[in-house]
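As written, the chains take the letters A, B, C and D, and residue 1 is the first residue of each chain.
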Amino acid sequence: MLDHPLVPGDTSAVEKGPWHYGADYVTVYFEADVSKLSRLVPRPFEVETRSCMAYVCEIVSVSDSAAEMVSTSPERTLYYEAAVGVNCRFRDKIGIFFPVMWVTTEWSLLRGLINGYQKRLADRISLTKLHPLNPGLGSITAGTKFAGFCVKGIETTLSVKVEVQKRGVPSDLPTFGSTFGLRRFPRTDASQESVDEPVEILKSNSRVSDVWIGKGTVQTSLDIGSPVSLSGAIYKSGFTISGSRVLGR
Amino acid sequence: MLDHPLVPGDTSAVEKGPWHYGADYVTVYFEADVSKLSRLVPRPFEVETRSCMAYVCEIVSVSDSAAEMVSTSPERTLYYEAAVGVNCRFRDKIGIFFPVMWVTTEWSLLRGLINGYQKRLADRISLTKLHPLNPGLGSITAGTKFAGFCVKGIETTLSVKVEVQKRGVPSDLPTFGSTFGLRRFPRTDASQESVDEPVEILKSNSRVSDVWIGKGTVQTSLDIGSPVSLSGAIYKSGFTISGSRVLGR
Amino acid sequence: MLDHPLVPGDTSAVEKGPWHYGADYVTVYFEADVSKLSRLVPRPFEVETRSCMAYVCEIVSVSDSAAEMVSTSPERTLYYEAAVGVNCRFRDKIGIFFPVMWVTTEWSLLRGLINGYQKRLADRISLTKLHPLNPGLGSITAGTKFAGFCVKGIETTLSVKVEVQKRGVPSDLPTFGSTFGLRRFPRTDASQESVDEPVEILKSNSRVSDVWIGKGTVQTSLDIGSPVSLSGAIYKSGFTISGSRVLGR
Amino acid sequence: MLDHPLVPGDTSAVEKGPWHYGADYVTVYFEADVSKLSRLVPRPFEVETRSCMAYVCEIVSVSDSAAEMVSTSPERTLYYEAAVGVNCRFRDKIGIFFPVMWVTTEWSLLRGLINGYQKRLADRISLTKLHPLNPGLGSITAGTKFAGFCVKGIETTLSVKVEVQKRGVPSDLPTFGSTFGLRRFPRTDASQESVDEPVEILKSNSRVSDVWIGKGTVQTSLDIGSPVSLSGAIYKSGFTISGSRVLGR
């Protein structure tokens, strides 16, 4: 029997979790007006501080049950992602909520939606990639510039730029606490049931490496006003997501 | 506030319904082994006959509340679709269930999923299009050939070919009764709620025109065995979908 | 033997000509500063007047020798095109030169380049399409709005909008004379030969139908200053291109 | 003035050379019937041995004059490539000719064509990518599997699979001598000039690293019969191309 596209399984758009991720990030940290940010963060989450982040990244991802797909279906294991995140809280729990997270594949779109991410499909996401053997490109050094963008329709929904200044360590990167989300599946008729639940993404196995920190700029189609206190970083990160836990009803 | 991607609204991936459709179809009708078909149709639906259809089409679709998007966001009003449908029943109600329906845009994917269609994102869907002023192409006549295909990853998931033999009328086309679907939104953790409900798509305003009928062939990555009793048709069709009604729990 | 990608043949990217076209256009006519336009038109062409056009269209195209490809390879017979054209002259001959013409397929890109069009590959071209059976869309009438755009990288390279006011006839559409182009194939080493020749595209079988005329607006990444005297039209057009004749050396 | 799409320049599809490359390869080496191979290699090249290679790779490429594009236009510096190469000779010179080389971007397509590569645009190229921080993926070790494929239309034009067995060194990789090509720009009318010249690609700065060798398999839409003596490798490679030298007329 074919799996339903949203129900994890071998013939679904989504393999069974947990799902493992390894990503190369170009990230900008910034502050924005709480009044603007409050319009990007739905209840029951509340904007906590002015702190935000925006990133563009390339992700290699596999299901725990099907890591061999990197070679049997490589197109099911690589995608690009771009997102803006806002520091907020749910009751006493501090975290980050991503008002929108653009991705380039069906399976990352649908996997994200069932876990509570507000995912959208991008037309195109692109970011700086260097190569150690390219004779025209040097190694990363102070002054090396990175950038990434996301296009959807006629809009550049996100553009980030980072000029690195020095090597860093994982603890140099700002942290935002838990990762929040909203699982929603709406009615299209009164006879139907629906789902509407705030969640915390269940992340584990987090590790970060290859950190460089520096200056950053960000532009987005989301209304964040004029971002200030900007900084930037590039780094690799890995983690595992097993699902998401409901925070309350 | 930004809408959730799945919750119909101005900033969602899905506009508020009802949704109107106008499509150009290349369709093949065929029969297949009930034992094969039964593995494509999940409970509570039961395969009724050996009758099936498969089509590739181009669709112009607008929300009732935002028909102006054909000019303000034309990329949100045109998509391609390919599907295989199986005649089946739910209790006494006869209908058609589509084990999978491939589409080319985010909004048709997500709109379909909330209405109960088992939609997947195609990499590419293409079908024969003629043009009345192209000096190298004549008008449709007996013997004109049409075709369409859908590619996803390395698979041609569906390929249909129709050679028309004569003009037809809408009543020449086989009918399948209601359109069935399954609305599912799974748990990724025991704390979550889920949705799992068989539905009937709420279709109205159906009209068909420009019918030509003839011979057809079909190939698909779905296991339908060796299709027999093949025929084909091309036609235009329009309809409205307002949502989907739960059939039972 | 495999054909070279640029040399017309069965296994080339380009089939043998002549090539037939049938297209649905959304076109804006406008005037711009001759000083701006002169920077878009290379020698030996000279800007003749302030008259320009910009369009977005969908094209069904077949080679004279392989019209059956509409059903055997439909993806090789449909593409989208967006372009800006400038009225100019070569000696006594009046015509139009397109500084850039964006298209969505390999074969239209390469076919155009060997005929002398300055073609580029777009990431996405989209334009208004209506459908006669869509219950949410009426027939074309005074006030119906059409639009089209072309995106490449992070740029919307062209956006046209037309609001039709009344039916027209083919003779209502401005004409520009011949279609000019530049066939160029450069050296990448002194040992190589090169081609650099101004040409006139050899067009025949021109026919136009379904004309509606009205108001128009245009925005483009090309520097055309502030366009004035804007009007717009939608129409169908068909023609044949057999190659291009060298105008002089 | 806008550059012609094929003439290297700031506003062309092709930046001025030399061009630098850094790539990650999944490569299969094999032997095939000389009679089959001879139908893939045009005069004046002659098939020398039964030796062939096929690869899928990801390439970071920059122009020597615009290496900053990795951050200003990252979409202009990354592409995917898939190709089959045949060992052959031109008079006394031994080399490799690629009957077709599929790529994913306009600029790699057109840059290749002016240098003499028989490039075609792919719909999709995908290959195995690992990530050092992905918790579900280990490091490369004996038995790690890599794969890559290229899809164009409904065809998987190339599929390669490599299972690595041990670390290697650059000298473990078969060599093929010079890289041959054919620069062709055809006439579409008798009045036009044309280019038709065999060339040797001017490559320098070659370096290879991160070699693993093992078993390999290949499938392609090119008629290579039944490949034998298969082996595989993965590796990184960097090089510079400055253009191509004409071999004779």
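Observations on the model:
Following the convention adopted for this analysis, contacts are C-beta pairs under 8 Å (C-beta built on N, C-alpha and C of every residue); 3 or more make two chains touch, one makes a residue touch a chain.
Bear in mind the structure is a predicted one, so any value in this text is a computation, not a measurement.
Among the pairs A-C and B-C, the greater number of C-beta contacts is found at B-C. Set against the Cα centre of subunit A, the chain with the most distant centre is C.
Centre-to-centre, using mean CA coordinates, subunit B is 33 Å away from subunit C. A separation of 40 Å divides the Cα centre of subunit A from that of subunit C. Shared contact sites, meaning residues of subunit A that touch two or more other chains, fall at 75, 124, 149, 153. Every residue of subunit B that touches subunit D in the complex is listed here, in rising order: 123-124, 149, 151, 153-154, 156, 159.
The touching residues of subunit C, counted against subunit B in their complex, run 19-24, 59-64, 67-68, 70-72, 74-75, 77-78, 124, 126-137, 145-149, 161, 205, 207-209, 236-240.
Listed in rising order, the residues of subunit A touching subunit B in the complex are 1-2, 4-8, 13, 17, 39-40, 42, 73, 75-76, 99-100, 106, 109, 113-115, 118-121, 153, 182-189, 191-195, 197, 199, 202, 222, 242-246.
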